[in-house]
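See below for the structure under consideration.
For clarity, chains are labelled A, B, C, D, E, F, G and H in written order, and residue numbers in each chain start from 1.
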């Protein structure tokens, strides 16, 4: 069965296709990696479990077990963007998603500063970093549980806020649906949301937003 | 069909039975009012629509159309408690629930101060009143939408916080389920929750909590 | 009861507070309008039913019954932005949300071009306008039902795509939850989502994104 | 306890009873296989885990671990149909369901051509194969995530489209409910749907549809 | 705002675009009707409330208040098909959906025989008509409540069965979700499903299926 | 911590307390068994996993691994009832629940005849046994998937029907909620329902129903 | 379109078919009434709104507006049963469902005693009537909100308990799903459940249960 | 990445920050423990699995495997409170949550008496302890399944009742949502609720409530 990898997606949309590894066998992933190597293309893999990563035995893969991401190739497939990007996380348990966002951003040509452990139950933590945050062009906010961080943050900043709800929580908060809903009906205007645990999606959107600045009609067609 | 009104509930539990008027006919409500008048008992009615209130033609009823509550009799059925109680509301649309809580508290012997319009999208509003709020023994927080107020408030105060989620919202926030879930999985410890729009329930719980102070074993048996 | 309108939100976050009119009485809305008039502030009202609009008897209100929005004052409260913004709608029934987004954008200093009736069941409609769409810096996509438009559009464009799911649909699609979920788990990277029917939220986010271009650290503090 | 296998189902409905192996013990499955062998009947087993397949130690079983299907006997229990049938899949992770459909079709006398990896995020992949697809009498579409493929495909083809939503996805898309809902409220007319991951059901329905052509009243009674 | 009606859909997919009237204003519907009249095209409208129908004041519209469908023009936009099509309904309350299916079928060139009131609680009713039903090439089954009709019917017939779950029911069955789920996980193989109350969708699918018989590659391109 | 086993429940309600073993440790279960032995009481344990059963090392326990039930003591704690009771099951996968019901019935003094594999997709199987079933005073019906068996059976029998939905199913039918809903909104009158997979509950209810016959006021007080 | 009323259901199942009037037009209901009059059959109608009842202008209909039931004919279609039946209701708002059950029971040949207003918040009310309730062969329990009555009652009585959850409630309890779930997972053994608000269903089941006593094989065939 | 532990939370809110161990690695937990040791601070860890506890190899940790809690340090971080606190549990399976509440209370300076195994199916168990319970200032009620305990208990006691729904249950009761909903819409006034299985949250709220008694404005600022 022929595969149809979308190699042109980076040029067409500004964000190259990444490999969502869940539900794919080691052989299927290996075949895509080989295809990339033949084209000398770099590649980002998300949701790659440690045992699959090991079975791939690929020394040219930069694998991170916390975020379960792997990067093939050392050159970003897109031009670097130097607009400052921040990632703000609510709790220690959100770290895997924070890192997926940060490493995806790196792959997409952006250095993202991380501010972790900024839950609103201790509001002083947020107030401490807000002056710093005001220096960033775009903020990715990562939170599980009740997701109160999204509204509070968006009410304090001029920059756009991309909310990444995480599946951290239990009871009614299990699975991340409450944090997601909180992002969607947050009372501060202009919060943008991606799927639960979708750190890559947030980085991809960040890339598209920050690219708006340097963009002019026709340039990417 | 005989009715079995629980006239002894006030003595037994500290909170007399109130009439939830939804789903009851004007005749049924009228009959309970008459029974109360015969006992010279006061009575609280919640969720009483304006047209039912009018049809009751009861001049001894103090009716408030915004909260849809009515009070029969001018004397609280329980002894007054002077511990300071505050009600904090997130938005103007939460007013009906705020007032149900305040009037229920009044009926239950407590004067509650109301701080309205304290949504977290403008955090300065909350910061402005926190010093004042620290002077209260108990705080009822009323919020719809994403309910971020509950976590933020509980992270700042020593007093217990009772969350009343409201049905204010739309899309995923319609019906109040997101605000309820936010209260239940709030990241600040010790938030207590009642049902959506249940201002009376919050006041009843407040009565029980504030009565703990003056309480000694055996006194109420 | 004192109100605490967040007059500083525009300066602080780039998007002034708007009035969500559902659940507010005519008197409450009237009082906020008066406060705005005293400050010579302009104001946007969303979800304002025609009968409330009529009862307000406000000749200085520009009311649109399809989008149920009203604008007080003829000057945008923020500086105009001339980056091209497009709104793409899937069906005729999505028009109220499309117009809420367009009028909100106008109020926030942006002229948005509308491409309506571009459902994917007739893909030629989308293909016909894609070359045009490639000239826009940002695209707001409005769709109900199964929300397939979001993925297809985002897979074709370099510009960021903000998805606004609408409550248009019936059966399993009633209420907009399917379109919302489609936006959140769309297979094209970088789709950003706001709440169901939240045209204003999309315009607010668009403002924040397009303002990134002209922004430099400290400028808005 | 007597079993009541429905051996007459193939003659009665055009599709013989297949064995759904989940929740059945190896002994129970073995007993049904023996009964089939005694009748020289062929048999299809779905959702047969590899370890159960191994424990059955049945050399006359053709087992495929990706689709978890097994076929007993080399002759289809129904007459072959030569109307062209296509299976279109959205992503590599959908392969198990695609293969369950293809192998079920084979068992039911139909050769199905598979077009894999045709997600709408890269629309060129679909456009590339549409001319080919127009040569098929019936199309089975297999997709998870947001299921946009169903609407787009059905809007381009004359042939009926049977949608098989898959459980591929995460966050709000986990379990396949979003893809299912997308199929049900797709904006292109005439999409038909089966249960999540039900490749066999799609093949069974395909058999019944393609048999309509050669059918005349009374022939099958 | 320009509309983009998909006039070519009939030729492209075998089923012309119909007008879903819910959420459209009388003016919007009127404009589409005028466009159709100018092209001498016939048109089907579904979910058209009686008051809208009256306001349209269109004498060339054939309106049926039970099914809330209207047909413009007396000639079917597609060639008639004479393969026998049956519609089987479970209860009297399902009549609006049954008639939507029957009238849609008529518009699409098919005469459908209706067998109403065939609920499985009185199985004799079904057994009485099964011999007749065996004479039909395709069966549309319409049922609400628990939707048991779908499995029972599909287990008895050679012809394909399209299930149309209806919103008839109350308590856990309200809205049609139980009947829909019953269709999707019915134990008889090959049941095909459309959205709740979607009589038109069933007729559209029936058209596509019955057209398979007379179809040969290339004929419709 | 003192335990409070309800030893009097059998006399008071007709059904002795059984041990739901899920979530209990081997030590906790062992302690209850010892207490029963000291009283020479018999005891029924449900949902007892095989590994727990083995760890209990109790030779006086009659354990069945398919139904995961264990019975301590060889004498039923209640008087036998000889009214005929039947259990009808839809599929082979429902066997664990069928056996939990049958063994619970045995423990409660009733011999239940089992009719397995009577799914409605092959209606002849049901029709074959209906004459037999008409000889039973009470019928327990066990089915997963779409649960059509409940309505069909209840429409054919004079005896009461207790529906036990099972968690057998996948996709929308996973977990048993569809079968449960089918039982609750079945179109045949008088279907009674217990929780998903609750074979013991059905047997307990059967005991109470069949005891009605021999009951006269005061006899059990 | 021919109707197929199941006139034989009473003889076959012990409970004659009743008319669920929701979703039926006045003409449809009138036609069934006429058919019944021609056969001199009695008939029960449920969920018949007052305005439909009035439009029927049927003097031989005994209509009750609270339960929205109507009875045609003064003779029960089945033989009377004199086993004592009780209906216990939790609150005044449950009255419509209590009366639907009582009047349905009457129509089915049973006199049911009603014990209303027995909510568990005042447990003395239940304790007061338990000695009386012990004199009944079968108890129907009607409750909304959290449905705690079901477990408490079933833990105290020897007779079978049929739970009728009602849609009385608000917030998370709206629609009756919590009361339904409480009945299904009640901790007292042997609770049987019918659909939300289904007073008729409870009466039908009661009829079948009480008929078990006088039943012997063959008598009803 | 810098962590921001909220060491001041105890002074600010009356309840020190505890460590929710799920989703945290052993290294992350170890680092927080070290930070606490350096400050000579005591610390509570919840949801700490036995294998993580073992890997921490911390002899100064008091670990309890049933409640999965660990306490670092032998001194409560807050002043002891001697108001009597009771924990009432419905069943043996609720023990882990009961113990999480009891040990959290201990850490927070309160001795809690436990009354286990008080399910309402045997109401005598509750009646037996109610006189004792009337001697407590505050009651925490722990129950899964249908959660009827909450309403019954709150209807009998003067003290406030905090409901802790547990995830004990199966079928519709799985996960604890029914018990949670029962607490929220309980018919007895003033029930307060925390998240499912949240024993720590209940203890934290209890601390805040019991501290109200000894509290005077300004004392904790």
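Heads up, the rule we're going with is that a residue touches a chain if its C-beta (ideal position, glycine included) is under 8 Å from a C-beta of that chain, and two chains touch if they have at least 3 such contacts.
Quantities reported herein were computed from a predicted structural model and do not represent experimental measurements.
Trainee: With a step meaning a move to a chain it touches, how many steps does the shortest path from chain B to chain G take?
Mentor: The distance in steps between these two chains is 1.
Trainee: Touching both chain A and chain G, which chains are there?
Mentor: B, H
Trainee: Report the chain whose mean Cα position is at the greatest distance from that of chain D.
Mentor: B
Trainee: At the place where copies chain C and chain E touch, is the share of residue numbers found on both sides over half (same) or under half (different)?
Mentor: different
Trainee: Can you check how far apart chain B and chain F are, centre to centre, with Cα atoms defining each centre and the answer in Å?
Mentor: Here the centre of chain F sits 44 Å away from the centre of chain B.
Trainee: Just the number, please: Cα centre separation of chain B and chain E in whole Å.
Mentor: Going by mean C-alpha positions, chain B sits 50 Å from chain E.
Trainee: Would you kindly tell me how far, in whole Å, the mean C-alpha position of chain H lies from that of chain F?
Mentor: Centre separation, chain F to chain H: 36 Å.
Trainee: So which bits of chain D are touching at least two other chains?
Mentor: Each of 9, 17, 119, 121-122, 154-156, 170-173, 177, 180, 184-185, 188-189, 195-196 in chain D touches at least two other chains.
Trainee: Going by the touch definition at the top, which pairs of chains touch each other?
Mentor: Chain pairs that touch: A-B, A-C, A-D, A-H, B-C, B-G, B-H, C-D, C-E, D-E, D-F, E-F, E-G, F-G, F-H, G-H.
Trainee: Sort out for me which residues of chain D touch chain E in the complex.
Mentor: 9, 12-15, 17-18, 83-84, 134-135, 137-138, 154-162, 180, 184-185, 188-196, 200-201, 204-205, 207-213, 215, 217-218, 220-221
Trainee: Mind pulling up the chain D residues that touch chain A in the complex?
Mentor: 92-93, 95, 114, 116-119, 121-122, 124-125, 128, 168, 170-173
Trainee: Applying the document's contact rule, which stretches of chain G touch chain H when the two form their complex?
Mentor: Answer in residue numbers: 90-91, 119-123, 145-148, 150-152, 154-156, 169-173, 177-178, 180-189.
Trainee: Name, in rising order, each residue of chain F that touches chain H in their complex.
Mentor: For this pair, the touching residues of chain F are 1-6, 8-9, 17, 20, 22-24, 28, 47, 167, 176-177, 180, 195-198.
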